[in-house]
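Next come two complexes built around chain A: one with chain B, the other with chain C.
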Partner chain A sequence: MNKLMRRYVPFAKAGVQSLIIYRLNFIGFVVGGLIYCFVMFYLWRAVFDSNGGGAFLGFSMTDMVVYLFLSNTTSQLIFSDVSNDIGQEIRDGSIVMRLLKPVNTDLSYMFAELGAIVMKLVVLLIPMIVGLEIYRFCTAGVVMFNIVNFLLYLLSAVLAYIISFRVNLCFGFIAFYVKNLWGIGILKNSIIGFLSGSLIPLAFMPDGLRICLEYLPFASMSYTPVMIYMGKYGVYEIIFRIGLQILWAVLLYGLSKLIWFGAIKKLCVQGG
Partner chain B sequence: MIYAEHLRKEFQKIVKEPGLKGSFKALFKPKKETVVAADDISFHVPEGEILGFIGPNGAGKSTVIKMLTGILTPTSGECRINGKIPQNDRKNYVKEIGAVFGQRTQLWWDLPLQETYLVLKEIYEVNDEKFKKRMDFLNEVLELESFIKSPVRTLSLGQRMRADIAASMLHSPKVLFLDEPTIGLDVVVKDNIRQAIMKINKEEKTTVILTTHDISDIELLCDRIVMIDKGKNVYDGSLHELRENFGQTRELIFETANSSNITEEQFRNGLDLGGNDLVIESDKNNFKVKFNSRKLPVGEMLSYTLSLTKVKDISVKDADIEEIIRNLYRHGGESDE
Partner chain C sequence: MRRIWKIYKLLAAQNLKRLMEYRADFLTGAISFLIDQAIGIAFIFIIFTQIPQLAGFTFEQILFIYGFSQIPKGLDHLLTDNLWCVGYFIVRKGDFDKYLIRPINPLFHVIAETFQVDAIGELVVGIVLLIYAAPNAGLHITVWTVILSIIAVPFAALIYTSLKIMTSAFAFWMKSSGFIIQMVYGMNEFSKYPVTIYSFPVRIFVTYIIPFAFTGYYPSLYILTESDPLFNIGGVIVVSVVLFAVSLLIWNKGISSYESAGA
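Coming up: the complex of A and B.
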């Protein structure tokens, strides 16, 4: 285990380093997300106002604020860009250098992202949680922070990351077949945006669709952890949801391996 | 050490007809074509040898190297290096090899160079003592000291190349694949790199496969060469043999008081040499005679030239390897078909 860590930690360090070097990029990523949150906030406030200001399908306006901001932060936290990285490396052929290293390809990609995730946890998630709790305290007048829910949220978010990573890995390996991922990347982002409930809470969708979507891996990516944090789930539901996440993580792990073994035989290196 | 047996690699290529219409056609009904990048390539490299693997651009050199390093899977045929088939267990296999692809880098782009070496140290599990010794050695031969603390993206090509070579040697690989390691470098850096290759080959019996377009790399480093063209083996043997067999061209350079009266006609009429067998280049005081020494002994050529004009100085150039290879590139592929 120790040896394993020593071998992969450098990948994480390199991830943090490039985050720091290209920090404007990171700031843009965060600020862009916040602007998006505020747009959604005003949109939903209009919806709630026209509804007389009361609760809407079990969501109060305070809930809605927490949902919007936290689900955005969560999807930024668990954001995986590995499909893009693989696509890029295949397009310019630099995947060669990765394949020449005696390391596990999946893990080397994963650790490069883990570094960035730790950074995001510190500079993004913690301030966001503190901010949201202050907001909730101001509107409700009582402290609503629940440490158990928070810890379960973290657990669920870790699983969510693994799912997100594996989904991206599967998409990335498609690049071995199609050589250029740009179009597929856009398709992937819109599918995930809608199906994961980060655009519209799944709770607001028609029952039939909602139940379908809740079972898909995409819902596990930000909807599940946020709902757990907000205390919308009972004990059994939490166990069930986390179990479902684990199931998806395992299934997607298998799928990504399967695609990989097919893809590596297909590899042709472009440009020398 | 290295066995390549009937390696073949095919690629699918989509052929696009020219123009917008062609683009639409390719979008909806792509026409596929199979390209054979390597066809029935076989050779064997014993331990401790430096093999020059040469051929014109697009001959399939890099494809073969990528199959040998386990990155590409051959369509058919097999390679075995150090008793291992690279494609079967890539992760373990690559521990024993080092590779440099001249047009790519394995260095961490955003990190100071030193960090890359520390990362590689962990990845290849090199212990502290060995690492220190190794770095000292590489520092000495490749002169990394002056830029080892700079981020890789700020290095010049020559510095980066030296750094890349060092990175490939750090874990004392048994086999070293160098794909155009001297591309675009100046004389001093080339010399550094050649020294490093030579030393490591001598001291550790590292087997080296080297592709290059620089003939002096081959002359200085390689015991043997394998030449391929259009995906096929064209030549396999020592440089010496190549010279013997194909080096029929000799070059004589004469210095005269005035060589403006020398014409190719004079030589052609007097010596009965055909179009390809004789080339004369002349400027004010010098002229160069390149001719086929099988058709005409050097002595005869000399005495004939001396009878034509007054000569101040003569120099004779040995069969130029570059010339030989150029000839082989031109004719090798055709004679095979």
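Coming up: the complex of A and C.
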């Protein structure tokens, strides 16, 4: 265990450092997300007004605000850019340096991101939760914060990250075939944004589509944790959803390994 | 002028050759933007399965506004995409030297260098939405509304371009301004929906400060209601020209404080 830490902690430190050095890009990213949330906030407010101001498919306006901001924050928290990193490294050949080191390739990528995630937890998630709880207190007049739900949210978010990481790993291998990484990035983000319910709560989608999406791994990436936090799920449903997350994490772990072993044999670095 | 056109054609031809070489890349880019758009529309569609009207607009009218807003956005994306690179890395790496030592205007050179076909995604979606929504949106189609709203499109695109010139020029002082471009450009989200849904301060902000409301809502409102052409169309022209002048000023000031990178 100790040996493991000694081996991987430097990756995590490097992750934190790169976040600090590129902090302006990070701030830009966060502010961009907030702008999007505000546009959506006004849009939903207009929808609620047009609907007579009452609840909309079981969501009150307060719920909607919590959902919007928390699902955006969750997406940023568990955001994984490993597909892009792998793509770049395959392209310029530097992946060889990673393969030469006596470390597990997946874990070295993961720890670099974990460093950044711990930072985001402190500067992003905690202020957001405090802000949302103050908002809920002001609109409802009672404290609605539930520590059990919050802890379950964290557990579910960890699983969400593992799934997000594995999905990204699979996407990263597309770089073996396509050069437009940037286009793939846009494609990946918009597909995940839609399928994970961070754009539109899955509860609002037509029934058939909703049921399909709820079982796909994408819903596990932000919808599940946020719904748990909001107390929308009962005990059995929480157990079921978290079980589903674990199942997907295991399946995607296998899939990414499978693709990796196939792809690594094809790796051909020119020059280097 | 003739010389400029000739240079532009040469550079565009270079771009098309590159496009032919990397066809899969082009497809990935265009399809990505297309899907990104499709999701935005799915969102509107899902909302309207629950309510008949949004802020007094019908489904078709909202689609019309959304579609209209994508055309200037796509036009700007098609022609001036290289400005992003100036903000993100051209200045930081010292590659901007290249533009300064050639006998053509650096801003023109930067813009002419890239012809970003990915933008087809936005343009196609914009046009398809306009065609789909037009028959049922209750448009006031007269000679004037058609002519004026067509005139508004390039000016609306100029709003995007000016904001990009301005924000990418900050890189001359800060080395890298990608995140500022991203932040300001990201506000175009506000242009997709009627500004009447926003609260008063936000409305003022997207009309007069980062004037994205003029790239979508106001010109489409004119063709929807035929009201107030002076503000809805005249505003687009005035705002874009003023913004463009300011952005050129900042750009030129920025170039004079440009320092190349060491290496």
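Keep in mind that, in the parts below, the second predicted complex is superposed on the first by the 265 of 272 C-alpha atoms of A that agree within 3 Å, B and C clash if a C-alpha of one lies under 4 Å from a C-alpha of the other, contacts with A are read in each partner's own complex, and residues count from 1 in each chain.
Criterion: a contact is a pair of C-beta atoms (placed from the backbone, for glycine too) under 8 Å apart; a residue touches a chain by one contact, two chains touch by 3 or more.
Source: prediction; values computed, not measured.
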Exercise for the section: Give one of first, second, both or neither to describe whether A:I200 is in contact with chain B, with chain C, with both, or with none. Expected result: second
Exercise for the section: Once the structures are superposed on A, label A:G234 by its partner contacts, choosing first (chain B), second (chain C), both or neither. Expected result: neither
Practice task
Check the residue A:G208 against both partner chains and state whether it touches chain B (first), chain C (second), both, or neither.
Solution key: neither
Problem - chain B versus chain C as contact partner of A:N51, first or second or both or neither - result: second
Exercise for the section: Name the contact category of A:S94: first (chain B only), second (chain C only), both, or neither. Expected result: first
Problem - First, second, both or neither for A:G141, with chain B first and chain C second - result: neither
Exercise for the section: May I ask you to decide whether A:V103 touches chain B, chain C, both, or neither, giving the answer as first, second, both or neither? Expected result: first
Handout entry: Which partner, chain B or chain C, touches more chain A residues
Key = C
Exercise for the section: Indicate the residue numbers of chain A shared between its chain B interface and its chain C interface, in ascending order. Expected result: none
Fill in the blank from the handout: Seen from chain A, its contact residues with chain C in the complex are 24-25, 27-29, 31-32, 35-36, 38-39, 42-43, 45-47, 49-51, 56-57, 177-180, 182-184, 186-187, 190-191, 193-194, 199-200, 204-206
Completion exercise
Touching chain A in the complex, chain B uses residues 11, 62, 66, 69-73, 90-92, 94-95, 97, 99, 101, 103-106, 108, 110-111, 115, 118-119, 122-125
Problem - chain A residues touching chain B - in the complex, by the definition given at the top - result: 3, 6-7, 9-11, 13-14, 17-18, 21, 93-94, 96-97, 99-104, 264-265, 267-269, 271-272
Problem - In the complex, chain C residues that touch chain A - result: 22, 24-26, 28-29, 31-33, 35-36, 39, 42-43, 46-47, 49-55, 118, 176, 178-180, 182-183, 186-187, 189-190, 192-193, 197-199, 202
